[in-house]
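Got some structures for you, see below.
Presented sequentially are two complexes of subunit A, the first with subunit B as partner and the second with subunit C.
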Partner chain A sequence: MVFVKRSARDLIISKTPFLAVLAALALLPLLGVGGYWLDVLTRVNLFLLVTLAIDLYSGTTYYLNLGISFTFGFAGYALALLNVYYSIPTEYSLLLAIPISVFFSLVILLPSLKIRGVYFAILSLLVPIVYIGIVTAQPFSLYLGGEGGLRFKQLFLDFARSLPSDVRLVFLQYSYYYISLAAAVIGYLVAYKIGFSEFGFMLRAIGQDEELAEGTGINTLKVKIIGYLISSSYVSIAGALYASMRPPVTVDLVVPANTLIPPLTSAIVGGLGTVVGPTIANYLLLLTYELMWGFIGRWRVIVYMLLLITIIVIRPQGLIFKIYLDLKKRLRGVLRE
Partner chain B sequence: MSEILKCEEITKKFGGLTALNKVSFNVDRGEIFGIIGPNGSGKTTLLNVITGLLKPEEGRILLDSKDITNLKPHERVKLGIARMFQGMRVFPYLPVYLNVELVARAVYGDVRLARAKTSWALTMSGLLPEAGELPTKLTPYKLRMLEFARILVSNPKVALLDEPFAGLTSGEAETMIDLVKKFNSLGITFVVVEHKLRYLMKIANRVMVLNQGVKIAEGKPEDVVRNPQVIEVYLGVS
Partner chain C sequence: MDVDIYKYILLFSIFHSSTYLMFSIGFSMLFGVAKIPNLAYGSLYIFSSYIMYTLIRYLALEPVVAALIAVLAAGSMGLLIGETVVKPALKMPVTIFITTLAVAYIFEEFFRIEMGLRPITLPLYPGVTYVLGVPVSNHWFLVLTASLLMFSLLTVFLKYTVIGRSIRAVAESWDESRRLGINPLKVLRVTFFMSGIYAGATGVLLTPLKALTPTAGWGPLFTAFAIVALGGVGSVSGTLIASFIYGFLEQTMTYVLGSGIASISPLILIILVLVFRPQGIMGRAE
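Entry: the complex of A and B
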């Protein structure tokens, strides 16, 4: 019917850009990219998980979850608390922090899943704001580190100390980079699989007409909860990994301007619900922002924001995915010739 | 004939407005039951209550003798209630086949069975050539057929059609009538809400008339249209 099997040639053409980018990213450290830029790329890789989380849930259901920065930061705080107060090594705290963060974000935001439209967005935005208030106010600030944050041993630090001093930093940088890259690649492949699976189409059906979806047999609440759980898992993994590599954890992790706006912008400019578009946008936008520093210094904030506003106003349904499709079409044409 | 759908004393209020006031009726297995009434009489609200999208303040709904009043809409679909919505509602950015297949997956669970049923429903409604298209490219008639395919795929006990002839030419409406009759003869019971009495009269075995949320008449179509109260509601004279 519609389930057309693609030819091997088509399959190669469609996978070539992905494999080429993956190979390039994997080889970057071996080609001499290190220091600041490897650090930036590690951050961008982890932010991809947040971008995909937004794309998978908000990009399909149009339930705009602005509480993502809470989940991101909470995963970091959970890791730090386990390490500082229970003396659990960072490597294990990292693994434990992920389900804890997913659980708390579900418990806190679950009641709001019954609310539709803009009210859900407003309610979800309140969560990180309240959390910031809690972290910085006594008596909680005594335990959570207040504005100075919680200090703990960063990931693999004990092992790095056993290495010669001249390779310690390189080891930490490389291992963080490859962990973040592995997380980004697995995250992308899983997101693609989910986004275009039957479950993904149910999420899209909810976004297009929730009442119709419910009236035609879809258990919309169940689908929304599972979708939210998947999305929260992505953000929790990103938050816990990010925090484990950059102690101390501070409220900066929970501030929406730091950990919500960049991936949200990538998801919108990339083309909501397309997976590929937001992924490309995540790398393109975040790396462009870093590159602009070398050319225009502090002016980059204004120029970058103006650029984003212009793109979103001109093409609110996303720009990058459209460009990607056009280029793919051309590439296919060239290869056929 | 045995009852397949029974509504008892259904009352639905929106704030101070009583949209349905103790409405009771039975639908027999295998019949085509029509519901008519002027705008705002509560017809669509009644369908929303039957499908579970609205919860009534009072009353009970029985499907095949099972009380479904407190069930969620998706649970009712699985038990055999299907619905064609007013105003051609489809998922505009999902291909035609997925519009139908998602219903099949929800009802049957099994992928192979769902796909087989989807192919069958699309064939029956003449949509197989457009299976991969987006609904935004379909004509109003084809959109109606898509909604019809969505009903067929779940093999319902009762199909609720909300103004199925709206937006169709007379020729297309006749085709829809033939389809309803065909699948009625194959065992699907239909409840049809319709403004266009001339079409409803051709297919309905019985008709109920609502006015301002109250049932004012019920019976055979030819008797109902002669009812003085019905004439007054529709024409403003008795």
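Entry: the complex of A and C
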């Protein structure tokens, strides 16, 4: 981080990559990208929120929150339950589901936030596992849909029905894409602000040495709780939006392999606590994974995992952010000449 | 309920608890030292079972010989995982979650592609014994004996041998132990090997009672994780107590509530306990 006042030209140069990518993403549907790949991009946009949530909290404090997938799925289930049992339209239950999910995530993990060490990570990994058990176990599965999931009305379906049948699907797909893109952009900008604000540095101080941070007058518990709340809000927004676009809600949303591991991987490979690195990694890794399907089919999991291990073993502190800085330096050099 | 049901619950609670004890001791030992769970632990469980299956099926080896080879293979694989994936990541402990999990997926996918999804079984130890009038397969006694033996061996090893004491020293403090002349990396290596042996032994002993599929490793991993969390990280006696709580609760609940909710009732209890005592029953808060 550089605290020197930058020239206008420097500022433009440093914002160019961000604006270029944003413009490209915004124009993609107009350039004819649709169908499967637009769905993939919608998902990747929403996953960016989860990646940023991990980066903002776990990436700075090094308290690993493995309960992310619980918060993600719980927001989806809250939305579906409100829609099915209280007949609240999806558009409104989406908004209600977010605070509900943040509240429950905090209540369950609050006691382990209070003490130091690995206990937070342990408890947070158990929560999604128990939740999956509850959803699929006999008495509860009747209400929560069990393995098959809970059906509800997807976002904007009522409005889409009023449209002619040939544009209906396209409307849903495009509107979902732009919602996800807006969420991703706002999420990124907010995360950047928080990550490099005074509050962000307090979080980092906890990650470096919690006792020392306390000694310098930081109320570590308060900072941890607020950080956790911000992070959970990100995940809840992502979870509720994601679920609202793809009914039914199933336990797949809560399975850590689906909704925790991809963003956590992006956060680590991108470089924990750097915001920019994880964002780039989020798009690169998730799209690479999709692309690999076409080339190596069923071996893609093994190849992808080997690749991941290699990257992490060679550079545990993250790879993408460093590459990004190097490229930027080179770009600045070229433009100066 | 009549008396027979109680006898049945009591007996099978003991047997099931011993399987949980078996799952978790190797995991607990490693968790205590490295402070980070090895999420590839379940893979070693299926790895040794598949090796034993292959040896019996294609080389027609005696089950005992095949089991021994499989357990040694699992130990070596544990060591290999530790050396290649965990050791380089020690600088950034959070990354160990990802690397060991990636290993677990590699194993799962590999066996899915090579062995298919069809469940496989291994031979049971033959014979049936009547205990209190209840017929019990001799394999359960083998499991019970083995798990108690494995537990006692580990306790003695950690208490009375030099390497065992070094393991405890490293678990206590990485830096302090180095000052005492212990090489923590060497200790970690021993721990990985032993943990692999324990996972492998658990695999070959328990697979005959359950079916073996590429995803069979996850159940034991999560159970071990839950038990270690309940007992307290790094506490071997805590693991013993927690296994028996888990086993008795699960078996009792199966008869009271039916199998659906019973399988997660111990997990719900664990969450409740950890909410009020995050360091577990025998663990210490930092």
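Things to note:
By our rule, the second predicted complex is superposed on the first by the 334 of 337 C-alpha atoms of A that agree within 3 Å, B and C clash if a C-alpha of one lies under 4 Å from a C-alpha of the other, contacts with A are read in each partner's own complex, and residues count from 1 in each chain.
Note that in this section contacts are C-beta pairs under 8 Å (C-beta built on N, C-alpha and C of every residue); 3 or more make two chains touch, one makes a residue touch a chain.
Predicted, not measured: the structure shown is a model, and the values here were computed from it.
Of the two partner chains, subunit C is the only one touched by A:312; subunit B is not.
Shared-chain residue A:220: touches subunit B; no touch with subunit C. Using the contact criterion defined above for the overlaid structures, shared-chain residue A:212 touches subunit B, although it does not reach subunit C.
Contacts of A:112 after superposition on the shared chain: subunit C is touched, whereas subunit B is not.
Once chain A of one complex is fitted onto chain A of the other, the partner contacts of A:158 are absent, as it touches neither subunit B nor subunit C. Of the two partner chains placed by superposition, only subunit B is touched by A:204; subunit C is not. Contacts of A:129 after superposition: subunit C is touched, whereas subunit B is not reached.
When the two structures are aligned on the shared chain, A:66 is found in touch with subunit C, with no touch to subunit B. In the superposition on chain A, the residues of subunit A contacted by subunit B and by subunit C do not overlap at all.
Touching subunit A in their complex are the following residues of subunit C: 35-37, 84-85, 88-89, 91-92, 94-95, 97-99, 101-103, 105-106, 109-110, 113, 222, 225-226, 229, 233, 258, 260-261, 263-264, 267-268, 270-271, 274-276, 278-279, 285-286. Touching subunit A in their complex are the following residues of subunit B: 51, 53, 72-74, 77-78, 82-83, 85, 89-95, 97-98, 101-103, 105-107, 111, 115, 118-119, 122, 128, 131-132, 150, 154. Partner subunit B is touched in their complex by these residues of subunit A: 1-2, 198, 201-202, 204-205, 208-209, 211-220.
Residues of subunit A that touch subunit C in their complex: 58, 62, 64, 66, 108, 111-112, 114-120, 122-123, 125-127, 129-130, 133-134, 137-141, 257, 261, 264-265, 268, 272, 298-299, 301-302, 305-306, 308-309, 312-314, 316-317.
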